[in-house]
Structures are given as C-alpha cells and as structure tokens.
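In the two assemblies presented below, subunit A is common to both, partnered first by subunit B and then by subunit C.
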Partner chain A sequence: MITLIDLLMIVVGTIFVAGFGIVAGLCIFGIDRKFAAHMQARIGPPIRQPFIDVMKLLCKDSVIPENAVPSIFNWAPVVALASSIVILLYLPLGSIMPVLGGLSGGYGDLILVMYLLTVPALAMVAGGFASGSPYATVGSQREMVTMMAYEFPLAVVIIAIAWRLSMAGMAEPFSLATIAGLTTGVPIWGVVGPVGILGCIILMVVLAWVTPAEVSRVPCDTPEAETELCGGLLVEYSGRNLAMFYLAQAVKTVAMASLAVAIFLPWNISWYVAMPAPAAVVVDFIFYLVKVVVVVFFSVSLIRVSMARFRINHLVTIYWGYLAGLGIIGLLLIMLDAFIKGGIVI
Partner chain B sequence: MKLNRAFSRSLWVFHFNSGSCNGCDIEVVATLMPRYDPERFGVKLVGSPKHADVLVVTGPVTHDMGGRLRRVYEQMADPKVVIGMGSCQSGGVFFDSYNLDGPAEEIIPVDVYVPGCPPRPEAVIYGVVKAIAKLEGLDGGVQ
Partner chain C sequence: MSEGAGKKATYNLPIGPIHPALKEPILFTFKMDGEVIQEVDFAPGKAHRGVEWMGMRRNPVQIVHLTDRICGICGVSHSLAFARTVEQIAEIEVPERAHYVRTIIQEFERIQSHILWAGVAAHELGFDTLFYLAWRVREESLDVIEYLTGNRVNYGIIQIGGVRRDFTSDQFPRIEASLKYYEDLLGKLLNLFLDDKSIGLRCRQCGVLSRDDALRLCTVGPTARASGLNMDVRQDSPYAAYGDLDVRAVLPDQYLSGTNGDVYDRIVVRLLEVPQSIGIIRQCLDQMPPGEVLWETKYAKILATCKKAVGEAVGRVEAPRGECLHYVRMDGNSNPHTWKVKASTYSNQMAWLKILQGEQIADIPIIIASIDPCMSCTDRVAIVREDGTDVLTKEDLTRLSVEKTRRLMQ
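Right, the complex of A and B next:
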C-alpha cells in the first residue's frame, strides 16, 4: 500500500533525478568531447559546450516537414527524454537507493531496466518513421536492427550476474539494490571464486561494448551516420525537438554508465571508511560520478576515437556472433564457478 | 528575432556543393582538422540542413543545383546565415557560363563571402567569425 508521504517522496525524487540526469548527461558529453579532442591532439570545446548547444537549439525554429505525421513527430522526443529519465529512477546513485527500485516496496528490477532501455530507441524509431524522409526511414530500420543486435549480449550479461547471485542464496537477485550490494554489502566480485572472476571480467568487457551501441555513438552510430544518412533518424529534426533528443541521449548515457557501475563497479567508499551518514552519502555520490566518468571514458570515448563506423551487417555479426559468443563463454565460466563453489556461498 | 548568447558559441555548419570543382570542399575539410580545431569554438559540421545554423555554399550554381540550393536554404531553421565560399561566388572562372544559374547570391541571400580559389582554412575561419558578427548584430547587418 502506497501512502501519500511515499508518493510525495517519489515525486520529489523524480524531479531531483531528472535534473541530475540532464545536468550530468550534458557534463559527461562535454567531458567525452574533451577527452576525444585531447586524444586527437586538439584542444577541444569547453566542457559546458553541450549546454551551449542545447541553449542554442532551444532558441531555434522547429521545422516540421510537410509529409511528416506531426503528432508522432513532436511526441517522440518527449517520450525519448521521459523514458531515459525513468531508467535513472531504477538505478542506485552511489549509496542512494533508487527512487523507484528499493528492496521494500520496489516497483521494478533489472529486467524492467532492460526493457526501459529500448524505449528511447523505439521513440527515435517512431520519430524517424514519422518524419517522412527516406533518410530517416533507412535510419529507423538500421536502429531497429542495431537494437536487436545489442539486446542479446546485454541480456546474457544481466542474466548471468543475476543467476549467480541467486545461486549464492541472495533474495531478489534481479533487484538493483541487491546487485549493487546496497542491501547486502557484497558485490558480484565478492560472491564468485577465481573462475567466476574471469567470467565477470569477460562479461564486463561485453557490457562495455554494448554501451556504445546502446547510446548510438561511433562505431555503432550506423542509424545516424552523418556522412551517409545525413543524420539518419534525426535528419528532419531541428530546434526544440532536436534538443530534446540530444538530452535524451545524454541522460541515456548516464543511465547506461550507471547500470555498468551498479553491476560491475558497485563499491562505495563508506563500506571501507567509517563516516557519519550524511557525509557518506555525499562521498559515495562523488565517487559514483567518478566511476561513471571512467566507464564513459573506456566504453564511449576511447572506442569512438579509435574506431571507424561499422557497416550495419558488420554490426550484427559482431554483436550476435562475437560479443554474444564471448558473453556465453563468460556465462559458462560463471556457471562452472557456481558448481565449484557448491552453489550457496557468500 | 531574439538570439541568446549561446548562439555564437555553437555554430553548426552544413556544407553544400552546388557544382564546385572540389577545391573548396577539400579546404572545408582541411579547416576542420586538429591543427585549426574549430570545434573548440563550438563549430561543427552536421549532415542535415535542418540541424545547421550556417550554410556554406561552394562553387557556382549549376542548373541542376539551383532549385535544390533554394530548397536546402528554405529547410534550414531560422536564424541562419549563408557563407559563399570561393571565387565562384563573385565571378570566378565559370562566370557567365551557359550551364549556370549564376552565383549563389542570385538564388539565396548570401551574408558573407570568402574569396580565394580555393580559400585557405584561415580565410574560412575568418568568414565564420564574420558570420558570428553578422548574427550578433542581426538587425544591424554586418555585410
């Protein structure tokens, strides 16, 4: 039973998380551009550049093409941004419990997050088809193919971790509070033995490679390919709608990095250093931000600078073939580890 | 039209080849290289005219490209500026050719001219600075 106080808490929490997601997402885009620039021996734009871009887009006209479906065309960016923020509500931020995903009275778990991660992409696909441009249509089709390609390795990673936690006898293994060790104080690395650690490292690599596809950055930006599709899905979007898609991508990047942090890098400083509760929350939150930046550096910036774009059929081969295969090897290692350890060990 | 301060710090450029010999196009790409790094001022090349603030037109406008240039210009969201790049925008070797609709200024309003055949990247950057000045004093109009 949900009380009025709970409801109020959720509303206030949602507002805070939405603000945090947008600000952090834009900052991370700025940091990513700075990293990329330095790796190419450039100076690069200031870190607040994405904020400037969004402000500029907000003051520009919003052109709606003649043969677009205006309702879907205008609503798709809103849905994309809203659903990206909703993902963040289910993810723990440092040692702060997820707004909607706490263990008691939780409303969703990792499976839900996996489904929610597809919603912004689906909104973009809908917007692309609704804009009535051949480029956007091709982009939408590619986005759907990309989505199918990366879902499988992502599912393998998530199932493997949750299954191992349930074999270790943890209650609610799919809950993100459990996976991030907020309720138990034990991350996945504390559960598995040496074989499982090898498996987890493999799964971590797989997740790091799923991230660029999920947030459609180079080398997986085939649906938006500027040089061949002129922006693909987003080709007809301008002004406010484009800004909203940009924000949605920024928030989704934070969400994806937070997911990786929650699953594989869940340590908090307060687990090891005794400190008063309010200080612990702040310190853990700052540490969480550092971890998010590290994840974005390795799985977005580094990959995007060092690689060219995949062709769409290469992308499917790589994700369904190599990465899914790698994920299944990791899964098998984790299963082996569970049998070696006799199942229930913490 | 009210512009906020963010505008001049984030110019997205769309590059349109209306029949150029490719000299200017290569210089556009050279302008974006790490040595000049225009991205540090927020300038970046975008793939769609809908996203762009600046239209860079290279080359004289051939008959085939005339209508398309006008359509691309009309698709761009306001406020926008046009940079005419290369000598072809003011005569050039193809002046008065039978196959031309004329330089870009006969089809769309051109705000800034960058002469040269092809112009050096420094000249293009100077043109972009002029375009920013033009945007800042949009009602005054710096030509």
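Right, the complex of A and C next:
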C-alpha cells in the first residue's frame, strides 16, 4: 500500500532528481569537453558552456520539416528526456536510496533499468524516422543496429553480477540497493574471491566500453556522425526539441555513469569513517559525484579523444564478437568463483 | 523506387553542395541500397569564380598575383606554372638562384599542404584529436613561409623572370630549425596515422583504385602514386631546380609490403612526401648558387617584354595534389589571348566514380577527401541554366576540343 506521505515523497524526490540529473548532466558535458580539449592541446570552452548552449537553443524556433510527422517529431524529445530522468529514479546516488527502487516497496530493479536505458534511444529513432530526411533515416537505422549491438554485452554484465549476488544468498539480487551494497554494506568485490575479482574486472571493462555506445559518443557516434550524416537522426531538430534531446543525452550520461558506479564502485566514505547521518549523506553524495566524473573521464572522454569513428559493421562485430565474448569469459570466471567459494560468504 | 520483386528499394542520398564532409562546395548524388553505394554522380562547378576570364583582361605581371589566389593551399604551384609559361613564350631566362628559391618555397608548400590534408582526413574519420594535433604542427611550416616571404597564405613571391625576394644565408638557420622540427616529429606522425588500429580498420581496402584504373582515368600526383604509378613531374620533367636535385617519386611499396591503391596507401604517400620535401630543401640549401634572383629588376621592362611576346606554351608543376598545368597563348597584345588552368583535382576527380562504387556511407567522407580535392582550383565553368542534363561522351569532348583548337589557330 502506498500512503499519501510515500507518494508525496516520491513526487518531491522525482523533482529533485530531475533537477539534479539535468544540472549534473550538463556539468559533466562541460567537464568532458574541458578534459577532451586539454587532451587535444586546446583550451576548450568554459565548463558552463552546455548551459549556455541549452539556454540559446531554448530561445530559438523549433522548425518542423514539411515532410515530417509532427506528432512523433515533437513528442520524441519529451519521451527521451522523461525516460532518461526515470532511469535516475532507480539508481542510488551516493548513500541516498533510489527514489523508486528502494528495498522497502521497491518498484523496479536492474532489469527495468536495462529496458529504460533503451527508451531514450528508441525515442530518438522514432524522432529520426519521423523527420523525413534521408540523413535522419540512415541515422535511425544505425541507432537501432547500435542498440542491438550493445544490449547483449550490457545484459551479460548485469546478469553475471546479480547471479553472483544471489548465489551469495542475498535477498533481491537485482535490486540496485542490494547491488550497491546500501542494504548489506558489501559490494560485489567483497563477495567474490580472487577468480571472481578477475571476472569482475573484465566485466567492468565491458561496461566501460558499452558506455560510449549507450550515450552515442565517438567511436560509437555512427548514428550522428557529423562528417557523414551531419548529425544523423538529429539533423532536422532545432530549438526547443534539440535542447530536450541534448538534455536527455546529458541525463543519460549521468545515469549510465551512476549505473557503473552502483555496480562496480559502490563504496561510500561513511562505511569507513564514522560521522553524523546528515554529514554522511552529503559526503557520500560528493564522493559519488567524483566517481561519476571519473567514470565519464575513462569511458567517454578518454575513449573519444583516442579513437576514430567505427563503421557500423565494425561496431556490430566489436560489440557482438569481442565485447560479448569478453563478457562471457567474465561470466564464466564468476561462475567458477561461485563454485570454488561454495556461494555463501556473509 | 523498387526495382522488381526480391530487390531492396534504393533511395537517393544527396551530399552537398554544402555538407560537413566537404571542405568546398560540390554536389554528390548517391543511389543507396541500405548503407551501400550503388551509383554515384557528382556535379562540380559550385565554386566557379571566373579566374580565367579575369586573367584574360589583365597583363601577365598582374596575372601572377591572381594565380596566387586560385587556391588557398597550393597558390605557389599555380604562380610557378603560370610564370613558367610566360617565361617560355617571352624567352626570359630565370637566374639559377631564383630556381632554388622557387623550389624551397614549393617544398614548404607541399609540407603544409600534406599535413593539412592529414588533419582533414583524421577529421573525416571522426578522429578529432589527430586533426587538432596535425594542424598544430602545420603552423610551423606556415611560420617559416611567413618568415621567408612575408605572407602565410598567398605568398606573392613568384615574379615572371624569377622571385621577388631572396632567401639570404642568415635565414638558413631558421629554415634548418623548422626542418629539424619536422624530422623529429615525423616518427610520431607516422606512428599516429599508420599504426593506429581504428585508422587501419577504416582505411585499408577502402576506396581502392587499381593501377590500371589510375592510368586509364589519368589520375595524377599522390592519388596516382598510391595506386603504384611511378610518376612525378619533378622526376619526369624537372623544372625549377629539380633537375639538379635527387628526386624520386614516393610510392607506397617503399613503406608497406605492397601497393593496394586504397585510402591507407594515399595517407602513406602523402606522409612520406614530407620527409622527401625536407630532403629536397636541405639539398637546395647546400647547393644554392650565389647571384641575382630576378632576370630584370625593373618591373617596367619585365612588363614590356611580356607584352611584346608572341607564342604559346605549357607550364607543368607538381603541386602537392598532383600535376598542375597552365596553358597560355600570347599574341602581342598586353593581355593573354588564352589562358587555361588545369588543376590536379580536374584529373583526379573522375576517380571518385570508381572508388566510391560499392563502398559504405561511412566511408564517403574519407574517400572523397582521399584524392585531396580542391574545387576552387578545378572549377572552370558553372552551369546556370539547368534544364535537362547534357552528358558529353568522350567523342563529344574530343570533337569540342578539336573545334576549340581550330578556333585558337585562326
């Protein structure tokens, strides 16, 4: 039963998380651009540049092409942004329980997050097809192929971790609160033995490589490919609609990084240092932000400055072949670990 | 749309006249089957500026400065080719030192052009880091060019009968420093471009132009050399000081095990021409003879000689992109009767139809860029009235050129 208080908490929490997601996403874009610029021996734009961009886009007209389907064309950005924010509601932010995914009366788990991660991409595909431009159509087709390519390695990672936790006898292994150790105080690294740690490292690498595809950045920005498709599925978008897609991508980047943090880097400072509860929340939250920036640096900024764009068929080969293979090796190592340790640890 | 049962529907993909993949305006129309190109057509003429028309209303000394502005990258090649035609017609003998000055500046132009191209190629592949790094190191060559000529882009150093500025021996240390800079950098540059996995993945076996096709389509410059044709104007019919120097055409099999004629080979050829240029400049600095750099210091006399000249000549120069040819016919009036500019892209562009066939959308930008197109060098005509599409076959073109020659002979 949901009480009125619970409902109110959820509404207030959602508003806060939405605000946080957008601000943090834009900040991370700014930081990413600054990092990339320094690595490319440039000065780069100021960190607040994404805010300026969004503000500018919001002031501009939204042009709807003549042969577009206006309803889908206009709704796609809204759906993309909304679904990106919903993902964040299921993810723990530092030691703060997920707004919707908390253990007491949880409404969803990691499997739901996986599905939700595809929604912004699907919204972009729908918007691309609805724009009625050959560039956007090609971009949409590529986005669908990209999605199919990275879903499998991502699923392998998530299943492997959750399965190992359930073998360790944890209740609700798919709940993100459990995975992040919020309820048990034990992250995945504390559960597995040496073989499992090797497996987890492999899975972490796989997840780090899924991230650029998930947020469509170089080398996996084939659906947008500036020099080939001049923006691909976003080519016809302008003004407010484009701003919403931009925000959706920013929030999705935060969500993807938070997911990686929750699965593989869940430690909180308050686990090790005794401090009053309100201070712990603040300290853990700041520590969580630092972890998000680190994840974005390694799996987005660093990869995108050191690679050329993949061709779409290369992308599929790499994700289905190499990364999925790597993920399965990680999964096997974790299975082996479970048999060696006999499962139960706690 | 559909072509019968069982066949997938094709669609048209226009690229251009303005598109991020293109550095200059040109219109490509692709007939696509999914991601694969089935048919290609292109329409140049979007950057026509009427340079020849302007030239035929000016005297040769004025045209030299106009030729500098035909291209923003290989300006000195055009000036040199034009100066060589007029010098032949007016029988002006260029002092030997001027030949060396011309050679040095042309090789510096080649260095900056090839590094610029390498940056563009990296950008087309979505590898922006390499693009920024390449353009950063390109600055050095522009700085030296500015130090030597006073200008960074339109050098304005060529004059009919020689060059307008001498390179004195106190300038040599600066030139040598820049050569050293590029020599030290070269290993890194080759490593970044040729050993990078993602560049290899994208460029090998992509946009292949076979040796026969390269020959049949009359390609020139690095595009031809990457397909294994041993041709280079500097080696085959030396001009300026190249006759005194050791110049051999750079071919991909000097670096790789074989010649594929793909985009990767074109990168190899262009990058390896940088050390070749360094070597040529070194030789020039060593062998530079003393003396004047201009046939006649009084410009009025140069102009008077040019105005009186009667005859026709062809000037060929190896521009960074390939052979650049100028034809001039003078009839004793102050202005040339005919002036024809044939830039290297004019010869290379037909290769597009061949190398784009059957490739993927993703490879369109890099394949188009791989011949290093320069549309403002090439465009000599713009079609204003686009009613109906006139396709001229080889026979038509031969007939038209014979007619034009007849007109010129009268």
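The working rule: the second predicted complex is superposed on the first by the 346 of 346 C-alpha atoms of A that agree within 3 Å, B and C clash if a C-alpha of one lies under 4 Å from a C-alpha of the other, contacts with A are read in each partner's own complex, and residues count from 1 in each chain.
Here, a contact is a pair of C-beta atoms (placed from the backbone, for glycine too) under 8 Å apart; a residue touches a chain by one contact, two chains touch by 3 or more.
Because the structure is predicted, anything quoted here is derived from the model rather than measured.
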Clash or fit, subunit B versus subunit C on superposed subunit A: clash
Partner chain in contact with A:310 - subunit B first, subunit C second, else both or neither: second
Which superposed partner A:55 touches (first subunit B, second subunit C, both, neither): first
Partner chain in contact with A:39 - subunit B first, subunit C second, else both or neither: second
Touched partner set for A:229, first subunit B, second subunit C, both or neither: both
Partner chain in contact with A:166 - subunit B first, subunit C second, else both or neither: neither
Subunit B versus subunit C as contact partner of A:239, first or second or both or neither: first
Touching partner for A:218 - first (subunit B), second (subunit C), both, neither: second
Touching partner for A:118 - first (subunit B), second (subunit C), both, neither: neither
Footprint overlap on subunit A, comparing subunit B with subunit C: 40-42, 135, 225-227, 229-230
Residue numbers on subunit A that touch subunit B, as the complex places them: 33, 37, 40-46, 49, 51-53, 55-56, 59-63, 135, 225-227, 229-231, 234-239, 242
Subunit A-touching residues of subunit B, taken from the complex the two chains share: 2-4, 6-7, 9-10, 34, 37, 39-42, 45-48, 50-51, 53, 75, 77-79
Partner subunit A, residues of subunit C touching it in the complex: 11-14, 19-21, 34-35, 122-130, 132-133, 136, 196, 198-199, 201-202, 360-365
Subunit C-touching residues of subunit A, taken from the complex the two chains share: 39-42, 134-135, 137-138, 141-142, 218-219, 221-222, 225-230, 305-314
